[in-house]
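See structure below.
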Amino acid sequence: MFELLLDELAQREDITVRTVTTGSKMTVEDVEEALPKLLEFDPDLIVFVSPNPAIPGPAKVRRMILGTGVPSVVISDGPAKRIVGEIEKQKMGYIIIMGDPLIGARREFLDPIEMAIFNSNIIKVLAVTGVLRTLHQEIDRLTTALRKDLPLTLPRLLIDTDYILANSDFQNPYAKAKAMAAYELTKRVAEIDTRACFKERDSEKYVPLTACAHEIAQVAARLAEEAREIEKYSDTLVRKPHSKRGKPLIKIELMLPPTVDEETYRTWLETGRP
Amino acid sequence: MFELLLDELAQREDITVRTVTTGSKMTVEDVEEALPKLLEFDPDLIVFVSPNPAIPGPAKVRRMILGTGVPSVVISDGPAKRIVGEIEKQKMGYIIIMGDPLIGARREFLDPIEMAIFNSNIIKVLAVTGVLRTLHQEIDRLTTALRKDLPLTLPRLLIDTDYILANSDFQNPYAKAKAMAAYELTKRVAEIDTRACFKERDSEKYVPLTACAHEIAQVAARLAEEAREIEKYSDTLVRKPHSKRGKPLIKIELMLPPTVDEETYRTWLETGRP
Amino acid sequence: MFELLLDELAQREDITVRTVTTGSKMTVEDVEEALPKLLEFDPDLIVFVSPNPAIPGPAKVRRMILGTGVPSVVISDGPAKRIVGEIEKQKMGYIIIMGDPLIGARREFLDPIEMAIFNSNIIKVLAVTGVLRTLHQEIDRLTTALRKDLPLTLPRLLIDTDYILANSDFQNPYAKAKAMAAYELTKRVAEIDTRACFKERDSEKYVPLTACAHEIAQVAARLAEEAREIEKYSDTLVRKPHSKRGKPLIKIELMLPPTVDEETYRTWLETGRP
Amino acid sequence: MFELLLDELAQREDITVRTVTTGSKMTVEDVEEALPKLLEFDPDLIVFVSPNPAIPGPAKVRRMILGTGVPSVVISDGPAKRIVGEIEKQKMGYIIIMGDPLIGARREFLDPIEMAIFNSNIIKVLAVTGVLRTLHQEIDRLTTALRKDLPLTLPRLLIDTDYILANSDFQNPYAKAKAMAAYELTKRVAEIDTRACFKERDSEKYVPLTACAHEIAQVAARLAEEAREIEKYSDTLVRKPHSKRGKPLIKIELMLPPTVDEETYRTWLETGRP
Amino acid sequence: MFELLLDELAQREDITVRTVTTGSKMTVEDVEEALPKLLEFDPDLIVFVSPNPAIPGPAKVRRMILGTGVPSVVISDGPAKRIVGEIEKQKMGYIIIMGDPLIGARREFLDPIEMAIFNSNIIKVLAVTGVLRTLHQEIDRLTTALRKDLPLTLPRLLIDTDYILANSDFQNPYAKAKAMAAYELTKRVAEIDTRACFKERDSEKYVPLTACAHEIAQVAARLAEEAREIEKYSDTLVRKPHSKRGKPLIKIELMLPPTVDEETYRTWLETGRP
Amino acid sequence: MFELLLDELAQREDITVRTVTTGSKMTVEDVEEALPKLLEFDPDLIVFVSPNPAIPGPAKVRRMILGTGVPSVVISDGPAKRIVGEIEKQKMGYIIIMGDPLIGARREFLDPIEMAIFNSNIIKVLAVTGVLRTLHQEIDRLTTALRKDLPLTLPRLLIDTDYILANSDFQNPYAKAKAMAAYELTKRVAEIDTRACFKERDSEKYVPLTACAHEIAQVAARLAEEAREIEKYSDTLVRKPHSKRGKPLIKIELMLPPTVDEETYRTWLETGRP
């Protein structure tokens, strides 16, 4: 869904997006077969989205991208934190989302429906808390720089609760506190699922633990929704659509039109962050 | 996310999945550039996911696939209903999801966050109501046939409320009624957003209409969640994970292990539907 | 309950209300027996409330009223839309409420309790969305004209979502969007119940469909309630009580007293709409 | 709405219903004008629905009915309890609903919309708790007796929480407890509104009190709804529709058809209570 | 928990708190054994918290305290109202909380878990409605007077809904109405539990009644929570922490620091009420 | 509130309870003054409830108790885990509750009302998850042994999510998963509040963090409540009241009476755990 974030209205004329994936598996062979197809599109920027980029398949991707010299950004989850140094050495940017949890991947518990519902809940949390805002704005910033032929400053972001505290668009402090709470919950989900998937061997334990983790994910989504509702209740919900030319827009009152977010745009031109 | 449905545990050894997308835009040029890359993977089966497959880009895709002779299935939304005859003539299978609504694509209303939340809500409805179940099982049925070298019967499914009524896994009749209700709501969302996006020209009208449609999507997701909770309350929630070899499994009581869903599997081998 | 809308405090000195009904049945014989009793009250204005006014009983009522020359207004639901021309020819006013749905009238599903709950939900939606406001204000306008001996302009209103968009009292745009959503849901209820009552013959289908429709009605009521709560949260809930003399009053902040709604009153005197 | 309870499907062939009302006012003059019209229908049974039947208008009604000799039943609210002896002396039956509260009839608070919402909430409570069930079954019992030419035993019922405890259809004891709780809340509403309407003279006091009472009514409706949901969750919701001939039917599992409620019917024939 | 109210941050340097209790039993013997230990701490002020202070144990406490001459305040529930005159004669202050209900003390229903949950719900209501605010501020007022050597005016407060109406910190009138409603519900709980515990002898009656009362307590807690949420939604939640020296502080906007509540403090020095 | 757990009905004849506390402060001086009063009651068993028993005041308590030779049990929260060895050396039993979190003790955020609400939420979680069950049963076991003159085996329990998984009374596995989730949330609250209270120095950070932690506590309470409701929905809620003589009772269906929990009682007599 990441690609939709960049052009939610399907009207941008300034960028062209291509995605190639290997489904849910990502072995070295998968990667060796799939990545070259992407490179054939001759990209100006590669965004590589993967859980745990330290394991062989994703590691291979990083090495292969490194060889091409195309500027690239890794978007990943908690375990990526451990290889930040390595990614930096590879001159790649990164956005690591601490609150993007592992799923409860146990066959007694997980089926495609449970998986989809879990993802639905996590997407809602990442959207409301502003994590997805950061994702698209960082890439927007880079595409702006590419378009304007400015030097690229690749992102080096670890998105934890503090980041949300400092960067969210919430106008109401309790809405922000609830959003932070939702994000904390997804981090807890990550811890519990990691234990359930990798540490427990007894289904009497890991099944309740995965169920417990997914219940937390559900509650986190509700809490995130509640945070957003607060802003609706005072008509202070911030929206930041893309213009056709990719310029950042902003609006608050629902019935007023968006205007160019000059402040953000200026920062982008100065290659700062959004 | 469709590709994850096929292998929610990332452990299947019987299939290999590759995805190529063109982001949210899908012009003829996008398609002409991207589709060949997919074909280079030399696929046994192509699943083509697109809204409104009658417009030029997706139409081009269908013609290009037709030329390759690879068996293929179109997954699409309500507007596709009008060209069912054409798809059948192209010998493609189809699964048309009447309750997969257009988003409220108006710049005064839609930004990447609103888009992600809307998708989160729709995914939850499609998951709980059993639409996603049908999606993965139809493809599972085809991959089984391919593996066993059986003749392929491509799906020709129009997924409307009646289909859910007849095919859902709910054990409680009120849970099913609530799921059907959720699905009906997403169909209403489709109608309202179509009007807001294509018929109204005054933002005083289309902004409230898109907001109204997205509120319905939110309510639909809650209602779907409620339906699923009912099954949890009596520990009758049906789960159907994939085995490593792709055989369909089934389980009901949470603390019991899944077993092979022999009935479904037999139907697949008889090239019937799941 | 309509009659209570006109005098919620039972203190109006400017009007006298009489109701005669035929219960839930409305055959020609029922009508021929009951309507004369009403006419004996020698009314200045007749308000005729009935579902589907095209069927024989209600049609008879209209013809009988036509004979009396008493000004009259038909209040009805969606199916009435088809005979608007006929009603106009009969010189009757009309208020047609598209979101006042048929009940799920199937014996396997409907009993008096289910009926009462359904009506409770629909009343809440019609109240919150402002439909009932229009009803009483239109009649208030007419009684004012009668009292002042002004020429009567009978209403010709089709109350659909657009009408609510343009006429509701909501101060918060998201509250309005939620109210519109609630109204859209009741329209969906109408469609599903019509199908369940008149088109399906198999109880395996129509029972789940009626249950589904009533679940939507319940959700619609909750959504309407939520819309009203938003206005409470910012103390901007508009109230429009009747004065003893029938003049329209208005107030917003809960702890402040109502004042005469001069603007509305002036429009009434100019025989415009409220 | 009472008349709809007797024939929710509008298909009963064994009874004919006529209603005459005086709107929300009920002075002696109103009554003297309206009641004769009802009597002209030559009724076999009169059901007189009124709050507080001790005040002059309703008292006049009782005296007028007494003169006709037609069997009749008074349906009323809490204050009626004080004149039960008088009603009995008038040989009328009665059903007094302790949990049918006075509305918050203060002009600073009540407008037609608030009134309708309040009634919506109270209807839901009376429906779910089984009060409306008792209402229609008592009248059904009498019409059966009239049809069979059996001696009439007019009801003498005071419907308080104990009555609900002993007579409700709930299968789950917590559902019943929640329903009882909802009913207790409406009784509290009655007490608070009585104080707000008749005892307090300062709007700084009576406005918050009416608002408080109506909040309780809203909560009571939610609680009642929750009670009913519990029965849905185990598919044990009891439904008791009318047959065409007015015989009592009963069903529990949603997907099964209703059958004749022989037990209840037998009791009716023995002129006992339902 | 009362003692924590006086020093929520455990940082006050101006008071020292000691508690001695007799568990849930409070016979004369319990009291005779326990109270002397408290007196040995040589207190400046005794706060005696007990349900129903008219029964022998608590009555004994009052007499024993009377003998010591230490200024003291009785904090109690509804039944205490009957002995207000007696308490006044004993020169004790009192704060009687009408909405602090008896628990559903029937062995078929109450176990330690049910007890804890009930108390949790009641605490929430008493906290949100401002009852606990009054408790700590009254004692704060007295400790200030003791510290400043001012004459003590012991409180004589009957905390009923009116008191909350006049004294709560709510900024939004609907929040206040909901809080009042929550308090009214706890009063109803008291009445129902009193009946269930002392008047009914049949478990078929008292078990549902206790269950009903505890359901109301749960609903009351939710309603109280909702009232507080309203204030969060507009960032107007009033907080009144203690300073280290025991001076009353006050703040409203979450992100602003507290300041000394000079007005309250001045009233205390004038030995008026907070 | 702990003392109420032991005798929720105030009818036990086999134990006498005395409590002495030092309010929220617990310095060495507080402890030296207060503890002797408790010892004067000549207790058979001391239960010492305190957060963080490693700090000077509580450490002093432990040493003082050690000197008396009275069997004793420490009940404490997460930080106590670090001194388990020390407590064992002191021959004290312990029950350490990992999910009993520190409050958000920052003056900009915490006032007595916020404190009470937080405690209300935590109590609900500890009650529903079964932590309070373990507390009272462990003490019940010890008092039984004392009464029967059996050797005492003091508890050594670390109550973490695993303990709840293995010991809760839930009959429905999803209810248990939700309860575990609620408990996990309170553990997260502990972590966030610890950071907010002891690590952050900037109020721009610690105020949102405490608010975030308390929002999680609120959500945890709701989730716990939901878990309990599930058991009500199928009438499988387990209740374990005390008999007059302190024997453990048990019951499940609400309308059935409790019986002696022989299994638990036998384990107690064998000085095993409940």
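Order of writing sets the labels: A, B, C, D, E and F. Residues in every chain begin at 1.
The rule we apply is simple: a residue touches a chain if its C-beta (ideal position, glycine included) is under 8 Å from a C-beta of that chain, and two chains touch if they have at least 3 such contacts.
Keep in mind it's a predicted model, so treat the numbers as computed, not measured.
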Handout entry: Required minimum of steps from chain A to chain D, each step between chains that touch
Key = 2
Practice task
Name the chain pair with more contacting C-beta pairs, choosing from E-F and D-E.
Solution key: E-F
Problem - Distance-maximising chain from chain F - centres being C-alpha averages - result: C
Completion exercise
Per the C-alpha centroid definition, the whole-Å distance linking chain C and chain D comes out as 23
Problem - Length of the line joining the C-alpha centres of chain C and chain F, rounded to whole Å - result: 57
Fill in the blank from the handout: Between chain A and chain F, the Cα-mean centres are separated in Å by 40
Practice task
Specify, in ascending order, the residues of chain B that touch 2 or more different other chains.
Solution key: 173-174, 177, 207, 211, 233-234, 254-255
Handout entry: Pairs of chains found to touch, sorted by chain label
Key = A-B, A-C, A-E, A-F, B-C, B-D, B-F, C-D, C-E, D-E, D-F, E-F
Exercise for the section: Within their complex, state which residues of chain A touch chain F. Expected result: 161-162, 165, 173-174, 176-178, 180-181, 184-185, 188, 192, 205, 207-209, 211-213, 215-216, 219, 223
Practice task
Note which residues of chain F are touching chain B in the complex, please.
Solution key: 172-174, 177, 230, 233-234
Fill in the blank from the handout: In their shared complex, chain D is touched by residues of chain C numbered 1, 3-10, 12, 16-26, 30, 33-34, 37-38, 40-41, 103, 105, 107-117, 119-121, 123-124, 126-128, 130, 132-133, 136, 203-204, 207, 211, 218, 221, 225, 228, 239-243, 249, 251, 254-255, 257-258
Problem - Touching residues on chain D, where the partner in the complex is chain B - result: 232-235, 237, 253-255
